[in-house]
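The following pair of complexes shares a single chain, chain A, combined with chain B in the former and chain C in the latter.
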Partner chain A sequence: MRIHPALSFLAAVLALVAPAVAAPAAEKPDPAADAKAFQDFFRKKFPQVKFEDFVNGPYSMNEDMRKQWEEKEQFPPYEFALEAGKEMFEKPFKNGKTYADCFANGGIGIRQTYPYFDDKEGKVVTLELALNRCREANGEAPYSYVKDEMAALTAYMAYTSRGKPFDIKIPDDPRALEAYERGKEYFYTRRGQLNFSCASCHVQNPGERIRAEILAPALGILNAMPIYRSEWSGMGTISRRFTTCNSQIRGVPLEPQSEEYRDLEYYLSYVSNGLPISGPGARP
Partner chain B sequence: MASSIRVRAIQNGDVTDVQTLIQHPMDTGLIKDAKGELIPAHFIQQLTFEHNGKTVFLADWGTAVSKDPYVKFAFKGGAKGDDLKVSWVDNKGATDSLTAKIQ
Partner chain C sequence: MPSRLFTKTALALGLCLVAAPVAQAQSAVSEGQRLAFDRSKGNCLTCHQIKGGDLPGSIGPKLENLKLRYDRNELVAILNDETTRNPQTAMPPFGRNRILTEQEINAIVDFLQTL
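What follows is the complex of A and B.
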């Protein structure tokens, strides 16, 4: 009996595909290579933008906005929050201790090392989380993660770290690598009714308009946090940025500082390693 | 309590450039809070800049001005070292003022 020609063709194709499938199933994640590829992508996409300028988000992409911003920066709208943050940071808790007791170097000039992977806990610890843990350890009620006090405190801590390059470390620990990988997956996964991933806007389309806004590049996007957004008429933290991004794509935001968001912050900060802290920032 | 006013006045030739940032909620009275209750109107009604006691800028404001308003203007007749007094009064009668030197 003759074999049907179509079947023999299929057999030939299968024979070709088989070796590819047999190749190693998953390669070991390589964050250093990821970060390099990520940064090279933006350098290539925007050859006219200086590397350090990516931290200025939409202002690195649009000349008109840049002019307005430069004028605004002479009198930045985050100034009140900055002053309040400094006052809060220095004011002792009821037990006499201060925030400085919870952080390396008294909390000054350390923003660029957050988030870090805590090997005891096996999880990522962000600056916002560390601040609330510091409060709770000293018998104070935690703050809301999204704005007001938390934004003022992180604004002051970012301000004391301005110009220092992001220095996020991924220790040689499988759990740290997993957290990084989960953050990466979150970043590239589409969600919400609009079916957008973080990357749809901030990797594929930075510099383009989404309605009236100019999209910021993902590279360096966290360096400017927290930000005063004119749209919010106030300050917002990284938690606020993540939750509002999720609701704007008509998804359901997660709880601020949930593990997914912390992993996402870990990934997104790591791939911006080397770029200077510029927070607090001002955005339209 | 820190002042609600930030001001910077810089002499450029015969013109003084003034920039001001004021911290104020500027509530319109049309917005509801989380409980669904109206937040009563609370806004700056009058903003005054005085140069050596003479008013150089007077603004009558309503609810259409944004929260934490920013004002920039220029006037002639100032000189380095002169006093520039900024003051505001809101619809609840609250007030604040600050005197800065022209730089």
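What follows is the complex of A and C.
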């Protein structure tokens, strides 16, 4: 149990969130200072964990699990998805175009820049959303956000970006700041019959066991996505993980890629700026 | 024959009468344990190590010697809504959010007092 350091951080965050909710016009949010406090909190809480290691989720927290994982990485369980994803990515649509036509740099090595704030639309665009928009713009049906095809595509795109640090930008646009603040508020708000916030598990209790599972720290929690989970015997996208975590607390999950989830992803990615993309990942 | 049956029955009944209070208390305790361990009820093992339970989590403290530190009402209050004692707690408000009924909470508290 490590309640106290988490408490002071949570209290600080709540103090930041609360006035922002009560009086939107009051104080301009400062995401850069936020991210620094967030990262410092985890560094202080886990002085033995190397900074880049936070992207390894539960494995960064537990020596025994880490050994098992290193063995597993010799024959990574996501290999199949990765190969499928590469093939899908390169195969032209019926109209002859490819995914490469929809993305900067042909879609290679760009995972670390998603999600981004689209100033024309005034909303956050995630990689999963951009992939489906690309399909639809080219006359193809969108994929399910929680199934294998989407996981395969994002696995491949993450793989081509491995080692590149998250580089999420918040433009000086009140709408972008609002999106960030809403994501943050979602992350710290308790919900569901069990009354958990995301932070209850991933800020207050990383490294602790919830039944047999070791909780991943919120810092770097998206860097390894998508992940192969033995428990799922398959791959999972960010959308799948968010909805699963919401269901676990007997809450009602939102629609994948709803605005709330996109803002949440924006917040979580931004506060992990500087940590390398490591996806696709493998988890127990 | 009939008389032997009668004696047996009488004996059984007699035993029952004598044992009743103890048996009842024991059944409340074992019902409390069942509710505490049941994943769709208390699911306390998710966070607490508890004697007799497998695969405990480590978010909360080991539940033991509770009688020394809490009276019955305090335990009921902790189960009902621990956020009143500690607003930041991860422990779900079992009573307030109707995850458990008052009766179920009482049975679990009977069990907790044996730990």
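In this text, the second predicted complex is superposed on the first by the 259 of 284 C-alpha atoms of A that agree within 3 Å, B and C clash if a C-alpha of one lies under 4 Å from a C-alpha of the other, contacts with A are read in each partner's own complex, and residues count from 1 in each chain.
In this section, a residue touches a chain if its C-beta (ideal position, glycine included) is under 8 Å from a C-beta of that chain, and two chains touch if they have at least 3 such contacts.
If you're wondering where the values come from, they're calculated on a predicted model, not measured in any experiment.
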Go through the superposed model and pick first if A:Ser233 touches only chain B, second if only chain C, both, or neither. first
Based on the superposed arrangement, let me know which partner A:Ile210 touches: chain B (first), chain C (second), both, or neither? second
So, A:Ser144: does it touch chain B (first), chain C (second), both, or neither? neither
Where does A:Gln74 make contact in the superposed view: on chain B (first), on chain C (second), on both, or on neither? first
Which partner chains sit in contact with A:Thr244 here, chain B, chain C, both or neither? Use first/second/both/neither. neither
I'd like to know which partner A:Ser258 touches here: chain B for first, chain C for second, both or neither. neither
Between chain B and chain C, whom does A:Asn195 touch in the aligned arrangement: first, second, both, or neither? second
Chosen between chain B and chain C, the partner touching more chain A residues is C
Examine A:Glu83 and indicate which partner it touches, taking first as chain B and second as chain C; both and neither are also allowed. first
The answer for chain A against chain C in the complex is residues 1, 3, 6-7, 10-11, 193-196, 200-201, 204-205, 208-212
Would you mind writing out the residues of chain A in touch with chain B in their complex? 72, 74-75, 77, 79-80, 83-84, 87, 233-234
Considering the complex alone, what residue numbers of chain C touch chain A? 45-47, 55-61, 83, 88, 90, 92-93, 97-99
So, in the complex, the side of chain B touching chain A is made of residues 2, 6, 8, 19, 21, 23, 66-68, 70
